[in-house]
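Going by the order they are written in, the chains are A, B, C, D, E and F; count residues from 1 in each one.
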Amino acid sequence: MPPPLSHLIIHDAVTRALREDLGDAGDITTHATIPADTIAKAVIAARKPGVIAGVDLGCATLLTTGPSTKVSVKQADGAHVKPGDIILSIEGPARAILSAERVALNFMGHLSGIATATAALVDAAQGTAAKVVCTRKTTPGLRALEKHAVRCGGGYNHRFGLYDAVMIKDNHIAASGGIAKALEKARKAVGHTVKIEIEIDRLDQLEEALTGGADIVLLDNMSIDDLTRAVKLNKGRAVLEASGNVTVETVRAIAQTGVDIISSGWITHSAPTLDLGMDFT
Amino acid sequence: MPPPLSHLIIHDAVTRALREDLGDAGDITTHATIPADTIAKAVIAARKPGVIAGVDLGCATLLTTGPSTKVSVKQADGAHVKPGDIILSIEGPARAILSAERVALNFMGHLSGIATATAALVDAAQGTAAKVVCTRKTTPGLRALEKHAVRCGGGYNHRFGLYDAVMIKDNHIAASGGIAKALEKARKAVGHTVKIEIEIDRLDQLEEALTGGADIVLLDNMSIDDLTRAVKLNKGRAVLEASGNVTVETVRAIAQTGVDIISSGWITHSAPTLDLGMDFT
Amino acid sequence: MPPPLSHLIIHDAVTRALREDLGDAGDITTHATIPADTIAKAVIAARKPGVIAGVDLGCATLLTTGPSTKVSVKQADGAHVKPGDIILSIEGPARAILSAERVALNFMGHLSGIATATAALVDAAQGTAAKVVCTRKTTPGLRALEKHAVRCGGGYNHRFGLYDAVMIKDNHIAASGGIAKALEKARKAVGHTVKIEIEIDRLDQLEEALTGGADIVLLDNMSIDDLTRAVKLNKGRAVLEASGNVTVETVRAIAQTGVDIISSGWITHSAPTLDLGMDFT
Amino acid sequence: MPPPLSHLIIHDAVTRALREDLGDAGDITTHATIPADTIAKAVIAARKPGVIAGVDLGCATLLTTGPSTKVSVKQADGAHVKPGDIILSIEGPARAILSAERVALNFMGHLSGIATATAALVDAAQGTAAKVVCTRKTTPGLRALEKHAVRCGGGYNHRFGLYDAVMIKDNHIAASGGIAKALEKARKAVGHTVKIEIEIDRLDQLEEALTGGADIVLLDNMSIDDLTRAVKLNKGRAVLEASGNVTVETVRAIAQTGVDIISSGWITHSAPTLDLGMDFT
Amino acid sequence: MPPPLSHLIIHDAVTRALREDLGDAGDITTHATIPADTIAKAVIAARKPGVIAGVDLGCATLLTTGPSTKVSVKQADGAHVKPGDIILSIEGPARAILSAERVALNFMGHLSGIATATAALVDAAQGTAAKVVCTRKTTPGLRALEKHAVRCGGGYNHRFGLYDAVMIKDNHIAASGGIAKALEKARKAVGHTVKIEIEIDRLDQLEEALTGGADIVLLDNMSIDDLTRAVKLNKGRAVLEASGNVTVETVRAIAQTGVDIISSGWITHSAPTLDLGMDFT
Amino acid sequence: MPPPLSHLIIHDAVTRALREDLGDAGDITTHATIPADTIAKAVIAARKPGVIAGVDLGCATLLTTGPSTKVSVKQADGAHVKPGDIILSIEGPARAILSAERVALNFMGHLSGIATATAALVDAAQGTAAKVVCTRKTTPGLRALEKHAVRCGGGYNHRFGLYDAVMIKDNHIAASGGIAKALEKARKAVGHTVKIEIEIDRLDQLEEALTGGADIVLLDNMSIDDLTRAVKLNKGRAVLEASGNVTVETVRAIAQTGVDIISSGWITHSAPTLDLGMDFT
């Protein structure tokens, strides 16, 4: 079970999203047509199969517009659902529920879409040792949430930002005068708790990266053959990560090369929403 | 040409995204490997065909990390690009450019993805009178940006939130005691600058909606035949909006029924990113 | 009954106002002179006749400084009160009540002042079909609150900002090349949920505005005679709004011309506070 | 000349107000009807006589929507103007000027209204030694601005909040067991840089307040006779402040009693806006 | 007992500190190793003797990560503790307690360090009439908290900022053309609730300061002899404040000169943390 | 040379600190006594020997109150200075400089104090391979700044928060059922870019920690003998970090045991300010 998001992050995200949707005038339709004392029961349910993420955000949205609303979680983050499965069961003021509906669904649909996409890759690589991880290709401002959704889908997280791991790419290598020098510079500059990863795109760069002491080597856009060779050359010295052209179709073959990590931007930057809906009962 | 985003919204979004990516420690890789005085030239270019949106966000990101960086816009918001087309041409401190790279690409890729998806629907409906519009199914916290991207793709915006137009749905109708009563309640409650839209899913509801004085009627998930009949029955009294099952394949037929507006959640909640990249030159 | 303000807006406004009044050192007088365990009873009551608005802000202020304070609402937003009428009945720690007193009164006095001014216009136009509405001439940063107060006084809201309706004024007309062209440009540019209003100050402009498809025509500073003629010429095609020189003395005659809407900046930008006070019991 | 407002306060207030007015969609009218490259000249001028305040806020508003706009200050804060006097002369993109117009006028009109009301009291008390000061009865969130406006009108500021001076009122006295004890408690509790004021409403309380070492005594709602007696009894020991029923009509007589300070809530909580307008030239 | 910090300030400080420590990924160690349902008991206890401050911040930190956690205060702000004394007794989810531990200790240790340093000066001056006060030499962003800690240690507060008292220093005197002129300018400029202090560093400046009407005279870096003479010359006219070279060793002699106030930057800018620790029981 | 702080962090910190010091009324002394057009020259210089940190914050503070002020950096972050050495040379409006003085000095004094304390430990360990690092025992809200100051003093940074490295302590071990199990749980839970550290306080725990695959082992409060033995047992398998009782006196002996890292809370939580002052010239 993935670690829960902190209350502070949830509060920030929900407040911001509700302010955005309610504006200064509020939910004018609901105020005009629904009496203040109408109590309603509703569910949020899946309309398509997928993996759930963002349940805490949905709950917090409903409780922010209606502090007296009761929300019962039927399917927690990480659950695999089929169409019709109820995720949240809700009872409270109809106005509060309706005013929260779209924001709650937007959070849960977006994050469950990421979890579902992640799970598709994870499932396809089932039985191999490779872990599926996300990248920094996330929606600006929502990284903590989207990284969490990847965990809900069975994936793991790459670094959260520019700050928590070194990732040396071609421009860094060029400016440093080569792989060995870039690694040396990085090792001298950063603290002892920080891992150092280096990206290469040719097999003949691997030995220099390993000798230079890289903790992780990112093998970018290499063929299955080259990945297989890289695993052999590595002999367990560094963590090997493969990236580039990772799809549900290709991921199994990549995983079977023996790489440790497969990273995908697609699961965060292009996952379609998971179709969820709210129904009144 | 779509109206530009306000500087205040851009500043907020960019600051938030850079803080998220830089954390407290900053871009540790770049600081370790790139000298402070290295000046670089780079471009942001398209790797796939599409429609551009978010150029102002990309520029603001680059200028926030490097106030002395020069950014030249080669393809503005709304431009149709092909692979290899340069969007931004950049010259400035290498550290500043590298620290901004991912955030700039995340903004521009995400928004150009939405513009590209929108343009696909708009193109498919070319020659009809129907306008393609987005919904409130947007990424929480990014609605202003995503609504802007829809405009860049040739689409139009539906209401921005719960606050700027009335949208009466099934629950509002039920709680009000019918379509006519719901419309009457809304008309009494809201100001004279606010339009009233009502959603129906059966043709036999249309006359009551029109008689009730709806400015806009949303025909949800109706067949092409029913949409065609609705247009005839309407006789230009209300704006007719079709929604449900809108895809690049279906949109033309929907548009040809004569509806005024076709709304799609997909263009904001499920558009894949447009593949853009930064190259140093 | 006017729709309530959202909790998020109330929380923001109250927090900001209390931080402003308490500063870093807090209520140094109360801390010095009132024991921490003193429980007090108090009321907020009207000292002058008027219409109440902002009760939720008063309550939230009292509960923010004293989470254990009990506040009972005796007169809700929209109530017409006479001197001596109790609005809030309060019991809680004396320190908390005293520290909140001025901010609570500032909110309630300011907003009730607006409600009272609005009600004066509404009452004067009683029996006519005209609605009294406010403008964008509000105190910067308090628009949502002041628009709400107008509703409490029996008025209605004009647009909330530059974003939720088109309002074409003389400069827009001049830059567009005339009324018809300005209306056409606007209709092409904005979404189908947005109403278009145009301001004219001469009767001979009306036909062009109506033919051009304006949803609303603002008749600025016209004589009673011209307003009467405008209503006849209009034949119900557009909503007609009168503005300029609207006072308690003039509003009835304006309303009797048959215009639909009378807008007043005075009710928000110049309404004197309603005199309220807190008394310990 | 009153001290200028800090840039940080101005920036905060202007950003907040523009975000409020522009919303997520921006100035849709101006974008629709005014070409991006139209340059305009305009002035902000007085339509009624009064005293100007808030010029820096007007300038900052114009520069925020149009960084390239040139604004020239013709009448600074504190200037007495007559109808037609130009306050700001403006040249820049028409779009930027129009989008800022209402917010700039709202700031300047509101604050100039306060300055004008203050000046009316100050003028009426001309030639006496009494200073006119404001209270904490300000619009929530705008206190720094409104206190500044009072200075522009020739008035002085009372304490800015609960934090920067002690003000002992009836409830504090009652809870402390009398005037002497309340003063003693306060003197023990607060730092040596903090003045202590006590409010009394009967002349027979004055001696105890003076003996108790009050720096300032607030004589609340006393008759002109009692104020005159209080001045005599005081013999210069404390600063004497009169409050209650202070109007343009009464202020001179109050000032002539010899009190040092006359405080008025009206100048901040009930001053009507000063009528200013923007004209394009 | 010092006045408590406002909830709003505590909430701000705690939220900011927890966001800083938790980042986007949260407490990854605790999530990995501690089951969600483990309940723990713990205490925060002193490891060194000292004076406690910041208990409310510690409690708020624990309650923010664990709303169901029970925290019992054993030693309140201002308490003198010896090693082993329990300050807070805690029971709640182990995850919540561990995630809050460091932030709670950082707040309490830092503020208790200031309280302890203050108490050391206060104790050394015991039996004299002099009060020990802090300065504006505080940690940026934490002034309200640190001023509170000084009160917990038995000290008093000097002004909280540039805004709540006048402090005329050498540059102000020079620019004004002398002590008398600077005092006159200040008295004319500021409100009647504001005290005026002037800093002198030579005894021969004292008479001019006193004649000029200074409320407080700061005697900077004067010898014990000069301080003694200053007290005599003053004859109770102004509050006399001594500063410069104030240490636990020197403070008693300074106090015995008869000055009213002794101000120390050291107690806020250089006090070492008080060693506190959390132990699970 | 340590990496510079991001502009966004500097802007946040400086804005917050200036708002704190200026309050709503601003620098009332300077406004009263210094003419608006007085231009001044000043320097910030060291009064005691030490290592400089926070120069960018000092500059940003001066530029925020005076955008036209010229600031020239004479001694950059990391410079070792002696009494009298000029750090910043300043020319600009006297009002702006005086209003910024204390905040600029507070930032630079506090951070230079940390840099100086760090340098003392670094110097004492000179010639050994051990690196001096800081901990999470920082002032709440200032961690990014204080971590930067440690780098200026020649030290390195430990993890920035709970989020960027695993640190398993006694409670985590106990809850997991032992060292091996805790390490296994952590390795399974966290991403491949995250290092895992474990704290032990007895030598006999070391082998289990090493076998369990810890990247770093924290040897807490061990004797010099035990540290020496730990280095031998380790045989380079993990990074060894020593903590506890680290002072200028003890650090060399600890470093000579061969440990890789020596961590000190003292350098951030208890470093006295470095005495800096501003002089007008």
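By definition in this document, contacts are C-beta pairs under 8 Å (C-beta built on N, C-alpha and C of every residue); 3 or more make two chains touch, one makes a residue touch a chain.
Just so you know, these numbers come straight off a predicted model, no measurement behind them.
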Required minimum of steps from subunit C to subunit F, each step between chains that touch: 1
Path length in the contact graph (subunit B to subunit E, fewest steps): 1
Label of the chain whose CA centroid is most distant from the centroid of subunit F: C
Pair exhibiting more inter-chain C-beta contacts, A-B or D-E: A-B
Separation of subunit A from subunit F, taking each centre as the mean of its C-alpha atoms, in whole Å: 32
Centroid spacing, where centroids are CA-atom means, of subunit B and subunit F in whole angstrom: 44
Approximate Å spacing (C-alpha centroids) for the pair subunit E, subunit F: 22
Interface hub residues of subunit A, defined as touching at least two other chains: 3, 20, 22-26, 28, 31-32, 143-144, 157, 160-161, 163-164, 189-190, 194
Chain contact graph, described as a line, ring, star, complete graph or other shape: complete
In the complex, subunit A residues that touch subunit E: 3-9, 143-144, 147, 157, 160-161, 164
Subunit A-touching residues of subunit F, taken from the complex the two chains share: 3, 131, 133, 156-160, 163-165, 189-195, 197, 216, 239, 241, 260-261
Touching residues (chain side subunit B, partner subunit F) in the complex: 15, 18-19, 22-26, 28, 31-32, 64-65, 67
Subunit C-facing residues of subunit F, complex: 20, 23-24
Complex contacts: residues of subunit C adjacent to subunit D: 13, 16-17, 20-35, 38, 40, 94, 98-99, 102-103, 105-107, 109-110, 113, 136-144, 160-164, 166-169, 171-176, 182, 185-186, 188-190, 194, 265-266, 269-270, 272-273, 280
